Amino acid sequence: MTNLVFDIAHLLAGGLVLMSLVMLYQVRLYALLKVFTLQALVLALSVAWQAFAQDAPHLYVTAAVALVFKAIVIPMALHRIIQRLGIHREIETVVGFGPTMLAGIGLVALSLVVMLRVTAGADPMAREDLAFALSVVLLGLLMMVTRRNAVSQVVGFMSLENGLVLAATGAKGMPLVVEFSVAFSILIAFIVIGIFLFRIRERFDTVDMRALDRFRGEQR
Amino acid sequence: MTIDLLIQGGQMAVVLLLAPLLTGFVRKIKARLLRRRGPSVIQPYRDLLRLLRKEAVLADNASWLFRAAPYLIFATTWVAAALVPTFATGLLFSWTADLIAIIALLGSARFFLALAGMDVGTSFGGIGASRETMIASLAEPAMIMIVFTLALVAGSTQLSTVSAHMTLPAVGLRVSLGLAAIALVMVAIAENARIPVDNPATHLELTMVHEAMVLEYSGRHLAMIEIAASLKLLLYVALIAAVFVPWGLAGPGEGLDRHALGLAAFVAKLAVGGVLLALFETAIAKMRVFRVPEFMGAALMLGLLGTLLLFVSRSL
Amino acid sequence: MTVIVALWCVAVLLGTAILATAVARRPYGRTFVYGVSLIASAAALIAAVTHLLTGGTLAPSVTLPVGLPWLGSHFRVDALTAFFQAVVNLGGGAASFYGLGYGRHEAAPQRVLPFFPAFLAGMNLVLLADDAFTFLLSWEFMSLASWALVMAHHGERDNARAGYVYLVMASFGTLVLVLAFGLMAGPDGGYGFGSIRAAAHAPGVAALVLVLMLGGAGSKAGLVPLHVWLPLAHPAAPSHVSALMSGVMTKVAIYGFVRVVFDLMGPSDWWWGVPVMAAGTVTAVLGILSATMERDIKRLLAFSTIENVGIIFVGLGLALAFQGNAMNLAAALALTAALLHVLNHTLFKSLLFFGAGAVQTATGERDLECLGGLIHRMPQTSFAFLVGCVAIAALPPLNGFVSEWLIFQAILQSPQFPQWGLKIMAPAVGALLAMSAALAAACFVRLFGIAFLGRPRSAAAAAAQEVDLPSRSIMIALAGLCLLAGVLPGLAIDSLAGVTQSMVGAKLSEQATIAWLSVVPIGESRSTYNGLLVFLFIAASTAVSALVIYRLGPRTIRRAPAWDCGFPDPSPATQYTAGSFAQPLRRVFGGLAFGASERVDMPAPGDTRAARLTVTMHDRFWEWLYTPLTQVVSLVSGTLNHLQFLTIRRYLTLVFIALVALLLVLALWP
């Protein structure tokens, strides 16, 4: 039984990492949003499974929050933003596809090595959750670094936050308040970024970050 | 010993006889999905027989390699297909080659096919050969990563051992196996020149890879190449089935009834695989040739990720 | 016993070299030199193989009173030496045989004949040496002899530069080796291999020696980034010498690495494998990518040698990592795989270089874009060359596959590493190795397809004639050996048991006794491969299907113009070229590996100017490593140049200061 519990937790957390990588592979904004939604779903499932495995009912609330906000509200809002902005649907990347994927795999390997070494002796499930969470965080950062489009940068940021939630649920004994505050801070950040997007767009007619760089007089 | 030999011979006959059927079945399903009637499922047999009866037309400057290649391609593919467990594991000669060697055998077939494409000295043959080798240069490492994942789980690269191991409850749910399965399907699609990598039903020059290489073939030579292509498709379906749905396979030394059951299960698996392939091909559009490296790169990454995740779950 | 035979062979070769200066211009000179070289190589080969098969007695070293007066020269044959002797003399004998026919086309035999046996003798001496001094001296002798052969056609374009780069790199390699041996010998100066082996080496010293050996042996073998001289120098020499340099001399460098790192330094640390594996992987991938882009046949083969050296170093690195973790059986597997690849590579690379030589003889061309259709004009050469291509592309049932398969089996042992870094590194190395194997297939499809298939792209290719009998027969013989080593790899693996036993303290189970002559590296349930049966099955299915179709179907064949989708064009220029074949691969990998970029200059409609496609590729190692280095060197030498124009008093001052400084050092030395 414990084996199965662990296997499913592993499956879901691994799925989260996989979704992060799949996001890196996407070339269209709508497809990216779909994958992000899927990741949020997997996250909700994973958190719910942790709630069951750790017998911690408050985690069900976290799962519900993740499901409602990240799998429904935010993707829909982003969808509308893309529509309203009428932005170019192809994602522009800074570096090519191959190097990005290679870097992604390298980051996963790195976080596995680091986390498994640092947390030696801890509970296996927590260890593995932490390792995967770090990979998701790093992959989210990588996405923010390698994308030019502001919307995909927002998505990268959100998926980074998914990693944080995974880490938080993996570590037992996290108070509910903290989770709520994290969730809300993310929501507020999202709103701020959303407003920001429109402001950028108003001023520069584009959400390509290069426009901002040019405005600040920086050479790319 | 005699029975073992017969079963091994039976396997070789089964793959050879079922291969055109699978091709015809996929074509039929695809046609039905497009609301066409489509040719009969046994049409490939008729095509093959017709091709065998026709005289072969050779280009003026075709060399002996051009004439020998179809037989070599067919033979290597057939040998490879005979080594994959279809209805039974642990066949008499199953230890002749492990999974790595089976992949390499297919590589030999591809090597000769690409050479045959270049033999006459037309531009299309060259296009096909150069693209085929480009795709293979990414598909092979992806395949090796899949082999790694399987070998780590099962502790062996022998296909019979792997499929026997996969039925054990100890395997459990593993995300790595899922990743390996997706990657294997992607490799299989690329290797068999299916949509979205290549279109087996077209002679539209700019999109074709496999068809471009065999453009100059006719008659019995073309028949050998066509049946080799069918065999390869069957091989990959059988490979996926043997590794990921190994139920129903007869073990070594079991009775004939078990083997009959295994055969029935194999046909059922082929049917399911064929339907899924047809569905997938109908649902998706062909991609540009230079998107293919990204597709194969994704398969490679999935394979690598599978190996990495397996290390995690193994070591805890 | 073996060592006496081997030394006599060396003596005969050296004598031939001296005699050759006298008879080189005579008509019988070529037959004499290559004939004697062939006999000497054959004798040494037989002695070495006998030593390997019988297990050989470990005799103490033979001391000859030459060299340093207080040291003498020590020579010894153990299993490792015997194996490499077999490889070297097999390649050497084949090259001598090929030279019997090929040498006829030599314009300046006096520049080749004296150095050829000297080169063979030098390589044998490196293998036999049992003290550091003899080893280094022989190494340098081998380098110089090969350098002279590279410069044989010094009048040709680029050859002078090739010779210069080679000389610089060889000097660098020797310098590094001198440092390595100096470190190993320690302050007491125990230069015999026996005393080096017995001494305990501090971990820091051992690590430094490993790095120095990677530089010294690696520069000779062609490890990236020290590989730059190979594609220049190997093609510059006459083809049978290219075969020797590519197929054999790189193996001598690998011998040096194995001898020092596995034997003299004793058991390794686990991390030793990491740099070796990393260097090997990068070398393999970059080597084969460069080969795939290359259009000169011999340069292409030289780049492919770099790839194979990379594969061998991956095997050696794995063996080091396993050994450092006391996994001796796995280490034996990896070392066996690497050494088997040494043998296999010598077989097929010699064959391919002979084929390139035959093509050059027949057409006078080395440029792929000027060849084509040779399969009609040179059927036997093309058949042998095809076998070599299949073998080097690591395809079953030939020999290249067996050694790569063994390396994959060794990599599959990697989950048992206790270190996380190694665990994760090994699969990545495996993926890159698989990629280099697939790229090798692409590269050799391209080579064979462009040079031998299709239609001739130049008048010279259209008028090609089959080459002479000795050249053809040795190519066919080598092709046969490739097949033999592919279907019966157990024999070679068994003969390596003694080597792995002495190097890593374990050996694979005996393969010759396994039913059906399978190869079973670890256990029956893990993995088996049977080259013999695979070959028989393929042959039988081919024969049966061909027979059935010929009996049942019509046998008629009609010849017609090519179909080509209805638009056949008689001009051979419409065929795919070497450049166009490489284009997809260049687009996929070129950006990362060579910074390749394409620029299309398309004239506007109405403009009659021709459209142009410009492809630029950068040799990043030249740009990032060697160009800055040469700039620094020229800067320093420019500054030091002033020292040539001093007054005598100043010179004396310099000498005086140097003397005092040395004395000070001596006084302050602890």
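Just so it is clear, A, B and C label the chains in written order, and each chain counts residues from 1 on its own.
The definition used in the following text is that a contact is a pair of C-beta atoms (placed from the backbone, for glycine too) under 8 Å apart; a residue touches a chain by one contact, two chains touch by 3 or more.
This is a predicted model, so every value here is computed, not measured.
Peer 1: Drawing the touching chains as a network, do you get a line, a ring, a star, a complete graph or other?
Peer 2: It is complete, because no pair of chains fails to touch.
Peer 1: Whose C-alpha centre lies nearest the centre of all protein C-alpha atoms?
Peer 2: When every chain is reduced to its C-alpha mean, the one closest to the whole-protein mean is C.
Peer 1: More contacting C-beta pairs: A-C or A-B?
Peer 2: Output for the comparison: A-B.
Peer 1: Between chain A and chain B, what is the separation of their C-alpha centroids in Å?
Peer 2: Chain centroid spacing, chain A to chain B, equals 37 Å.
Peer 1: Need the CA-centroid distance for the pair chain A / chain C, whole Å please.
Peer 2: The mean C-alpha positions of chain A and chain C differ by 49 Å.
Peer 1: For chain A, what residues touch not just one other chain but two or more?
Peer 2: 98, 109, 112, 116
Peer 1: Two or more other chains touching the same residue: where does that happen in chain C?
Peer 2: Residues 424, 428, 588.
Peer 1: Of all the residues in chain B, which ones touch at least 2 other chains?
Peer 2: In chain B, residues 293, 304, 308, 311 touch at least two other chains, as defined above.
Peer 1: Could you please specify the touching residues of chain C with respect to chain B in the complex?
Peer 2: 372-373, 375-376, 379, 386, 390, 393-396, 401, 405, 408-409, 411-412, 415, 423-424, 427-428, 430-435, 437-439, 441-442, 445-446, 448-450, 453-455, 518, 524-530, 533-534, 537-539, 541-542, 545-546, 549, 552-554, 556-565, 568, 572, 574-576, 580-585, 587-588
Peer 1: Which residues of chain A touch chain B in their complex?
Peer 2: Where chain A meets chain B, its residues are 3-4, 6-8, 10-11, 14-15, 17-18, 21, 25, 97-98, 101, 104-105, 108-109, 112, 116, 124, 127-128, 131-132.
Peer 1: With touch defined as at the start, can you tell me which chain A residues reach chain C in the complex?
Peer 2: 96, 98-99, 109, 112-113, 116-117
Peer 1: Give the list of chain B residues in touch with chain A in this complex.
Peer 2: 172-176, 178-179, 293-294, 297-298, 301-302, 304-305, 308-309, 311-313, 315-316
Peer 1: Which residues, counting only chain C, touch chain A once they are in their complex?
Peer 2: 420-421, 424, 428, 588, 591-592
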